[in-house]
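Report on the structure given below.
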Amino acid sequence: MIKAGVIGYGYWGPNLARNLAETDGCSLAAVCDTRPDRLAVVERRHPGAKGVFDWKDLVNDPGVDVVAISTPVSTHFEIAMMALRAGKHVLVEKPMAMRVEECERLIEEAERRRLVLMVDHTFVYTPAVRKVRDLVREGLLGDLYYYDSVRVNLGLFQHDVNVIWDLAVHDLAIMDFVLPERPVAVSATGVSHVPGGPENIGYLTMFFSSSLIAHVHVNWLAPVKLRRTLLGGTRKMIVYDDLEPSEKVKVYDRGITLNSNPENVYQLLVGYRSGDMHAPRLDGAEALRIEMQHLVDCIANGRRPMTDGEAGLEVVRLLENGTRSMRERGRPVELEAQKVTV
Amino acid sequence: MIKAGVIGYGYWGPNLARNLAETDGCSLAAVCDTRPDRLAVVERRHPGAKGVFDWKDLVNDPGVDVVAISTPVSTHFEIAMMALRAGKHVLVEKPMAMRVEECERLIEEAERRRLVLMVDHTFVYTPAVRKVRDLVREGLLGDLYYYDSVRVNLGLFQHDVNVIWDLAVHDLAIMDFVLPERPVAVSATGVSHVPGGPENIGYLTMFFSSSLIAHVHVNWLAPVKLRRTLLGGTRKMIVYDDLEPSEKVKVYDRGITLNSNPENVYQLLVGYRSGDMHAPRLDGAEALRIEMQHLVDCIANGRRPMTDGEAGLEVVRLLENGTRSMRERGRPVELEAQKVTV
Amino acid sequence: MIKAGVIGYGYWGPNLARNLAETDGCSLAAVCDTRPDRLAVVERRHPGAKGVFDWKDLVNDPGVDVVAISTPVSTHFEIAMMALRAGKHVLVEKPMAMRVEECERLIEEAERRRLVLMVDHTFVYTPAVRKVRDLVREGLLGDLYYYDSVRVNLGLFQHDVNVIWDLAVHDLAIMDFVLPERPVAVSATGVSHVPGGPENIGYLTMFFSSSLIAHVHVNWLAPVKLRRTLLGGTRKMIVYDDLEPSEKVKVYDRGITLNSNPENVYQLLVGYRSGDMHAPRLDGAEALRIEMQHLVDCIANGRRPMTDGEAGLEVVRLLENGTRSMRERGRPVELEAQKVTV
Amino acid sequence: MIKAGVIGYGYWGPNLARNLAETDGCSLAAVCDTRPDRLAVVERRHPGAKGVFDWKDLVNDPGVDVVAISTPVSTHFEIAMMALRAGKHVLVEKPMAMRVEECERLIEEAERRRLVLMVDHTFVYTPAVRKVRDLVREGLLGDLYYYDSVRVNLGLFQHDVNVIWDLAVHDLAIMDFVLPERPVAVSATGVSHVPGGPENIGYLTMFFSSSLIAHVHVNWLAPVKLRRTLLGGTRKMIVYDDLEPSEKVKVYDRGITLNSNPENVYQLLVGYRSGDMHAPRLDGAEALRIEMQHLVDCIANGRRPMTDGEAGLEVVRLLENGTRSMRERGRPVELEAQKVTV
């Protein structure tokens, strides 16, 4: 039985605590929060779990095997590093940390100690995203043209990070899971409308070695909620709309055909193809439940998580460089090759 | 009675011809196309109009007062210039020309000869866009945060211009009409997926002197057709969806309120406001009919069109500089102040 | 070359005239209307067609082979009968006539004279309805459970017929084409909200020998326009939404499975099946063009139209009996077996 | 502090238990279920509540003030009656009982003992339905033309009641709350597609003394989930779509205007009016929480609930007579005046 501790019982922590408590092979041993009223809620909901004020106590608790961290991003590195050094497995909220270099150090520490380091890229565990990945990886879409995502709504303004760290992080995590390549350059634009506040609207273009292009549009100040991704390929195209109640993933047999122009060998003729649409049935499983089961399984069997430190690092690399580009009105930033390889 | 001639009877020319023929105070005198089968169609539909093979004949025809040009973009400048020099008023398809400098010369020529020079920015004459402009100009939205537009579908690949010249041109024309300021810089990204072809997917960010930001996403290779614009302001926000059959313009009483933090004078507290939604009734009039009536009225009364050469030039300036930025992966390009002022 | 005459150039007549004029093997010889301004429009649009004031002149014109009748329903019988007696083929607007007995007499007259008698059930010729019929007839849906249709919008109030004669007529024509059986009884409800006016809202339930049930909801006073049909079967189910721009027909692999209860042989256990959704590509052809070509083909080759007098009669039988039931608040009315068989 | 007991911990019981436990002024004292595994769940979630096997023990428990009954409909009467006789207040699931006469006896018993008898018509407590009622009652819609509701989806087949008892019950409860009159007659149609099973598709028309008409369409075998109500009046019209995430209630300024025909005093001219659409902001409160607070308030202050026994009886009267009409293919059934008045 793996014993879990949760640090941070604010917006997302309760979901982690509840799911860890209900996962087979796992029990909730302790929850940490600095606010007494939050600990009172913990006590009512999880009478079997210890309430802890100081996260260092939880990290050093011998009765805890894995630490789940759902605190502000700026604290991730320190807490995760101390947990690893105390010999605990770690599940950390996204984004993994504030800087690429911090991610690298966490990966190295976990490697050295042979501990599981997992990043909570929840969307990766949804039936819809797993289906999209399967379709892409099986070659159903052919070569990819583009990945285009819109994720906008009204609120929730963050004070410590800008909108791409808050919302685009989901798309970058999905891209890391779904796409067969990683970006080589990024150009981002965005502005802040609250004096002194972080950027609340952002546009992120990512370039690849191939002609694949990716774009993410995020906004905290939109009048409506939109969650829609277009994914185009040479053979088929996908519309993934996370707000659709039943058909979240639609596969379109649409595209173009290219033929040489018999009259001009240097020119290609573009033809259109418009066939059926198909919405595959999606598994009804809850993402967080699947993810926690995967965490427990990785710890028990010494396996590497699907959303490991590398995935977390890749996302932070894009956020860090994207923010840099955004501050210079879209000046493109080349992405260095990843240092840590496994 | 103003006598009109149309040059180019391909995709859009028939609409111009039909509407010019049916507009009060105007008659269709001549139509030019180099393809005999197109002229045969003209003859059947408009038995009273002359069929002309050579556009120079039409331009020099003393029986023609105004020339409507719906030919490929690369020919706009030459035809329009010769028509102005022949003393004709001119209506030219969008984009007005291939280069800013060409637009400037056309504007100067028309000014000197006191001829009407109008650009066919059709969307400006739709009831929906006029309603959006009224709402913005009356201050209902407050100060503007952003203008965000998506215009994607499958096809129609153009061979001579890229997708922003073909699709973003609509949004730029609308922005020129609706927004109270003009962009000062542009950053654009995009790629071509057809070897040797123009960019078929493009993203255009425009910066302003204020914190207003504008973004346009266009794509010829999307599986679904989307035409949706979000317009956010300090007081209200608009969703304008041109594919909605009845409620094209929705006004949301949503946004944020900023208050000083009593505990920290340097920090603003963000609150949310979520009120009613309102979809104003739109006039049912057809845009092209209104536009042709406006053209006839400008010619008859020596008035300046709403979509004059300046508007056309502004759009071309953005297209030209946007394409430049796109070729450099988003490097921002400053927009010089407009030379021609009236 | 078949020469067509059109009687009634109001709302629908112009569509018939235009399509007859453009159909291969057919020419528009004459158009009749009692209003001089309508005949003036005819003259401008169809300079080759004769303008006729008195429909009897058109019916007796030796230069006319087929008469298309788009006049008020109450006049259909007299005009169609006189046309048949004058040896003309006939295309008549839906509903075919005001009474079953009138339909029967027209069918007999056409039979005796070996003339084509076709009813303009336009929806039957749309790609969507033909696809639905194919899916049903191929057995893809299994045994049918129900046919449920909603057809509501604001207006257009008719003065001579109630809303089921005006709107449900479309659904009854589609049902006649798509379903493998014909109703044996009908129960209808509805009311009038305009004093002295015909019923403007109606609900029509139709029963069959099997457990199939059909229902049509029509309304002239709805705030929104809806055109949606659900079609359920033991194997698959269809949603046909005529207002969808691209995916009008969606096929759902959903339903129930029935198993004997091992503990109770008299009880069935109901299980649920929820699989993929599939939207087949639809042919882009225009319905009225296909229909006119079919008319010309039937006349030229002595074939029976898909929407013959029998189909028209069946629809009128349901309208007549449905109206009777409606006047008695839903009292069910048995439908006699059809008299005329072919 | 009011002490609540819940009988039946299946699908809905857990929601009642949770909300009763969290309502101010109320505590959860006991939960009854005959299945040991359900009681085990109760023990884990509500360690402070007694687990009871026999409902009679709960009904007679002196530590219980109010009994919430969420068992199969056929058991409602017996349990509720015994609870009232034991001096307990009662909240009973909808439909209130199997027969009108049972409802009447429960009402009488509660009256005599001055106990609160409330029926769990949950939709009545939603912000959307309360808004619709306010709009109707304030006269915003003018005189009502119709109430038309569709409530269809795949499953959940019930074995003891047909689909109108399971699904139409919601609409009848809403109608009872929203409409200014009560039906005087009902005509219903429907069939069963499972041999020996209850009707799984149903259509219910209700007539009123005025020209108002109401219709409810329910179906357990639909491929898609629909929850949409149209409500038309002389002044405005409402579309209430419970599946809309944000704008559940839309008010349309559409309709007709009636004028006397100056040429024919016996005829009315129908004109159309098409104005703005307006979606009022809805309160975000959870219906069940509001309802439980209302229950506690009624008990504490001796007030009559909004959804009292009368409301429950009215709904059962329509279900009972609707089922009777359905068995006779829509034969209309007159509704006797209500016996119990308060």
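Each chain gets a letter, A, B, C and D, in the order it is written, and its residues are counted from 1.
Quick note on the criterion: a contact is a pair of C-beta atoms (placed from the backbone, for glycine too) under 8 Å apart; a residue touches a chain by one contact, two chains touch by 3 or more.
All values derive from a computational prediction rather than experimental measurement.
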Those chains which touch subunit D and also touch subunit C: A, B
Listed pair (A-B, A-D or B-C) duplicating the C-D contact set, over half by residue number: A-B
Between subunit C and subunit B, distance of the C-alpha-averaged centres to the nearest whole Å: 43
Whole-Å gap separating subunit B and subunit D, where each centre is the average of the chain's CA atoms: 53
Geometric centre distance via CA averages, subunit B-subunit A, whole Å: 39
Contacts with two or more other chains, residues of subunit C listed in rising order: 224, 246, 274
Subunit D residues touching subunit B - in the complex, by the definition given at the top: 247, 253, 274-281
Subunit C residues touching subunit D - in the complex, by the definition given at the top: 145-146, 148, 150, 152, 154-155, 157, 159, 185, 187, 189-197, 201, 203, 205, 207, 211, 213, 215, 217, 219, 221-224, 230, 232, 237-239, 250, 252, 254-256, 258, 266-268, 270, 272, 274, 325, 328-332
Touch list for subunit D against partner subunit A, complex: 47, 224-225, 243, 245-246
